[in-house]
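Here come two complexes built around chain A, the first alongside chain B, the second alongside chain C.
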Partner chain A sequence: MSENLFAEPNLKQITVWARGVLQNKDARDVVVALTEAAAQENKHVQAWENYVDLPDRIYVPVRAYAKISSDPIDSRYVYENDAPDIVVLVEETLVKNDKILKGLKEGGILVVNTRRSPEEILNFLVTKGNLGTIVTVDANSMSTAVVTLSGSEGATDATGIGGGISAPIAGAVVKASGIVKLENLESVVKNPAAMKRGYNECRVMKLDKIEPAQPVKEETAWDLLKRMPFAGTVDSPVSENPGMVTGNWKTRRPVIDKEQCTECSTCWIFCPDACITRTDNGMEFNLKYCKGCALCEATCPSGAITMVPELDFKE
Partner chain B sequence: MGKVRRISGCVAAAEAVRLADVDVISSYPIRPYTGIMSELARMIADGRLDAELVYAEGEHAQLSIVYGASAAGARTFTGSSGVGVTFAFEVYSPISGERLPVQMAIGDRTLDPPGDFGSEHTDAECCRDQGWIQGWASTPQEVLDMHLIYYRVGEDPKVMLPQYVCQDGYFVTHILGDVQVPDEAQVKEFLPPYKNHHILDPKKPQIIGPQIEPCMGPPQQYQRKQAFDNINEVLIKAHDDFARIFGRRYDPFLEEFMTDDAEVVIFGQGAHMNTAKAVAARLRNLGDKVGVVRLRTFRPFPTDEILKRMSRFKAVGVVDNSAQFGISGGAGVLFSEVRTALYDVGDKVKTVGFVGGLGGEMITHDEFLRMFRKLQEVAKTGKVEKRAYWLPFEL
Partner chain C sequence: MSEFERIPSIKKAPDEEYYVPGHRTCGGCGPALCYRLVAKAAGPNTIFIGPTGCMYVANTSYGCGPWRVPWIHAQITNGGGVASGIETAYRMLIKKGKYTGEQPNVIVMAGDGGATDIGLQSLSGMLYRGHKVLFICYDNESYANTGIQVSPTTPYGAWTTFTPSGEVIPEGRKHFPKDNAKVVAHGHPYLKYVATGSIGYPVDLMNKVRKGLAQEGPAYLHLHAPCPKGWQFPPDKTIEMAKLAVQTGMFQLYEFENGQYTLSVQLKERKPVIEYMKHQKRFAHLKPEHIEKMQAFVDAKCAEVGITVPVVAAAQ
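Right, the complex of A and B next:
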């Protein structure tokens, strides 16, 4: 009964995924532009950034959120969007992250900033649960990303809203969802031309069949109490830290040409995450933790390492 | 009339500091209050605020800097969160003992361990008895308004005491709300310039905080108590003037929501009370006689107001968003103090304590629903089976 009592049937949720530091601003701009446009339509709105993500780590997946409703938003202190209607990826390799569609409403929309086609992106999705529409937009060719710390940690953004790649991405969101009127979005973004290109040039693909989402079992406070170690103290990780898996930070991965490698171990010294080990089979990379910083490529004296885009690999 | 902007509690605090034309600011970064200082730094860089911003080497130094600056006649501002608040602890009593109306923003953060940046009132409540005026704002608008009101009250010649303006970390510091940012002229009318009682001046040297004999302890402390006793009168007058000039009226002590014919109420402070209100409103639709009372001034604690206004309810549930281990009553400091305030009405009003939202967790709608249901049960049976509940484990 309590669930019905607190239901917010007119609430729409948008979750935007991006890469830490470099894309915080554009991710925030997507939600701010859409909510400011919605506010002009007398909607109740909320735009905010995930407080628990680690926004000051370069390339770490980060999230910004929007809520738009015709009713007052009672759930404004809930940390995360639990049931997004629209999910946006500001960077294409995030498509490999198995959490992006978590909680997606039935028939939900996924918008990806990429040169690739919706069909290609669809292939990389770990789960397609509840997905109804997939949209791709090549925002990088329509505008330039804005990298700034202005507006972080709740401070005012002095650089203006929607000047970067957020504009075409927001345009694509509106094309696919109609969540706000195009002219209202146009009046709030700094780069309306790019916004309109996103709107006009994005590729929208409706899925023939909506796969049902697998139910996710959330841990209760009692489960957490059970697994809370004494005084919160944990064993120091010896080789791998299961609490800090950094593999999903990378957009490119190191590929070694073992013919060229002299096994000098320079890369082993420089890898900040100790992902490289010397084995009988030559140098091996632990991709579960490699965060794609490319220091190994830069320091290898033999040019044996090449950074290759993540989406060149299915896994 | 100023314009309405959608801003966070951090920005609202910075706007108030700008409008109060503060002279000296000391900063040291810690989440979640940091946004206030980055906002102020930019205001200074943009020429919107003429103030000295001193980057301290830690919170103890931060408080020491505004201590000296306030003594030299400057209107001052500082702030912190969590362990930053407690690291500065030594300096709080001297500032109020010297009767310097320093103002500090606290964006709540859990105390360690472990390192958690979620919000809890524990940090600010640690400092509750240091002779500072203290209250919690629950929205960015109230943050801005409370900063202005507290400067006025703290700098009143009858008071001359420092102030903590507290806001829940994340829930208020980081979540945007619509804020009417007033005009400078309105603020000038409301807030007279700061006049120090004993200004530091090389031409007339003074010793601030000299060593005294124990015999001077009672009179010195009694002076501070007398100043504290003057606060309520000044606070009421300031709220009246605030309503006249800015058109926003707040009850200085307790905000009541749907309490008119309420049988049971939730009592608490800060942003979580907004969730409590949303739950009360939904329960009202079902015909439940429930309401919410939100404490606005925590120090001085409004004992008489609580006694006068809350003895009409059958059951009061006090929500503490803090961990005070081993405290009387078994919940938190609010529960302990509300029980004391209601002691004089005897057994007529039942009280139950709830500890919730620790570590920065949201107190959910469902948790407030369970609290209301528990209070209704207590009101109906007239029996308090258990005095205090730690959520979510015990209720």
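Right, the complex of A and C next:
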């Protein structure tokens, strides 16, 4: 048995998930704040955004990453975190996404920005594999999200680090993991008071038993190569494009009151995603692709459509 | 011009979708709704040319697309050129009896970069040569795909990553926008039809697509497509922004044929431009003198096409 030449035993990986455009800045700030604090402790650090998720679109799940190590980081050109120690969700409905805990190290930590309890969040997890600790922090009650394009995609950031909901979220990460010293994080964030509230008021729950992660069959490069279209030509879809399923973008879903609906077709004509179908049974919503933009609710002349939070539904 | 079937109302619009669910555009994306309405109006015998822009990148990530009809990517510089080639190829194949189907609708869906800036020469060449192509600009008033940089159609006073507000230029964007419908309308002898459309007025938009396709030569359609990311308004306000743009005169809806403007909506009065601008964070830094400058510019643009109704502020 040969030694793993790629092993980096002292490397910690942090993966932060958020919603595109509206939370891109706060996701980036969580990893930048934590790595800047770690750099003050003479750690080797890296903070970056997942290029595959860019350009970000409103509500699309996006990822920001951090690497922190006491050794030089050999894997610095690997552009995605393959085995996170800590996973952070800047928005609670991301908990329904089956990809969030992918590759989590044994006993890993999940930090969620939510008003809900750790027990409640645990119920929504598609897989709990390797999860050791779950932490909830109501960051939205401690600070206000910074929605800005300043600093996105390489542009200069003129707004400072850790002024929004990133501060209490980073505080909760430190409480659960001790990955950096609190005073070092305090010195880098723009809103230290909110950061400390996140540290003090977050709820930490250790799981009694760590379930082993189920191995997932990964597509190899050869599998992908075989699927590559000839000369860039692909077949046209007929009724939907299964290559880009967007249903997990939504934080709220449309619910229609068919008593109030007059079947005027206004919501149908204004849906950018063609997710409403006119049927004999009235308007039907295609939740597999609906991004939750709420244009249907906003344009309905009879108030028949209501956007309901995604976590009000188990499925 | 050949006959075409007019869509009488939203309710009677065709059910068939040719721009189907499954694309990586923003929640509440105005350009995506443009695409859906254009595809719905054009129908199955259509080929789309997509110069680089959001409607190329967001729709084709990764290795798939949402079009039920053929679509081809063109460089941002050459939407008009690629369309000219496709239109001519079909015309000659039919003439020589090598293709027995009907001549397809050839539609370019270019952003404001691909239509009014980097791609303008190729659009002009296509119009000048008289190809039977409908060239559509979905105008979201910035280079949105690369992260909201200024474009020629970015309005005066709008924040973009290239026109931030500062001490020297407090309004951010200091130029007034290029009016591409008028740029192309005058000076292309074979151009048959020019019109503007808005996603806030979907029946009018779809009928203009059909009328453009019914021409015996080139047609140009300029569509106003609000962008919640770039203009910084909530995604559920996309339609409200589109309607307010028309109701304030910020965007004028008309057809231009035989040297005459025909207005598409009869406004009884215009709302002040602030009613439109106040919802968008890209204008949040403006001072009253900048709003006045914008109002004067919009008044003049409206007068140009024959919108003469007075500006009336809403009662408090």
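The rule is simple: the second predicted complex is superposed on the first by the 308 of 315 C-alpha atoms of A that agree within 3 Å, B and C clash if a C-alpha of one lies under 4 Å from a C-alpha of the other, contacts with A are read in each partner's own complex, and residues count from 1 in each chain.
By definition in this document, a contact is a pair of C-beta atoms (placed from the backbone, for glycine too) under 8 Å apart; a residue touches a chain by one contact, two chains touch by 3 or more.
None of these values were measured; they are calculated from a predicted model.
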{"item": "Chain B versus chain C as contact partner of A:Trp48, first or second or both or neither", "value": "first"}
{"item": "Contacts of A:Phe313 with chain B and chain C, given as first, second, both or neither", "value": "neither"}
{"item": "Partner chain in contact with A:Asp74 - chain B first, chain C second, else both or neither", "value": "first"}
{"item": "Partner chain(s) touched by A:Glu153 [first = chain B, second = chain C, both, neither]", "value": "both"}
{"item": "Partner chain(s) touched by A:Ser265 [first = chain B, second = chain C, both, neither]", "value": "second"}
{"item": "First, second, both or neither for A:Phe6, with chain B first and chain C second", "value": "first"}
{"item": "Chain touching more of chain A, residue-wise (chain B, chain C)", "value": "C"}
{"item": "First, second, both or neither for A:Ala221, with chain B first and chain C second", "value": "first"}
{"item": "Contacts on chain A seen with chain B and repeated with chain C across the two complexes", "value": "152-155, 158"}
{"item": "For the chain B and chain A complex, residues of the former touching the latter", "value": "6-11, 14, 31-32, 34-35, 38-39, 42, 113-114, 117-118, 170-171, 173-176, 271-272, 274-275, 278-279, 282-283, 286, 362, 365-366, 369, 392-393"}
{"item": "Chain B-facing residues of chain A, complex", "value": "2, 5-6, 36, 39, 46-49, 51, 74-79, 152-156, 158, 221-222, 225, 231-232"}
{"item": "Interfacial residue positions of chain C with respect to chain A in the complex", "value": "10-11, 13, 15, 17, 19-30, 32-33, 36-37, 57-58, 61-71, 145-148, 161, 164, 199, 202, 228-230, 232, 235-240"}
{"item": "Touching residues (chain side chain A, partner chain C) in the complex", "value": "20-21, 55, 57-60, 147, 149-150, 152-155, 158, 227-229, 234, 236-246, 249-250, 264-266, 268-275, 277-278, 286, 288-289, 291-295, 297-299"}
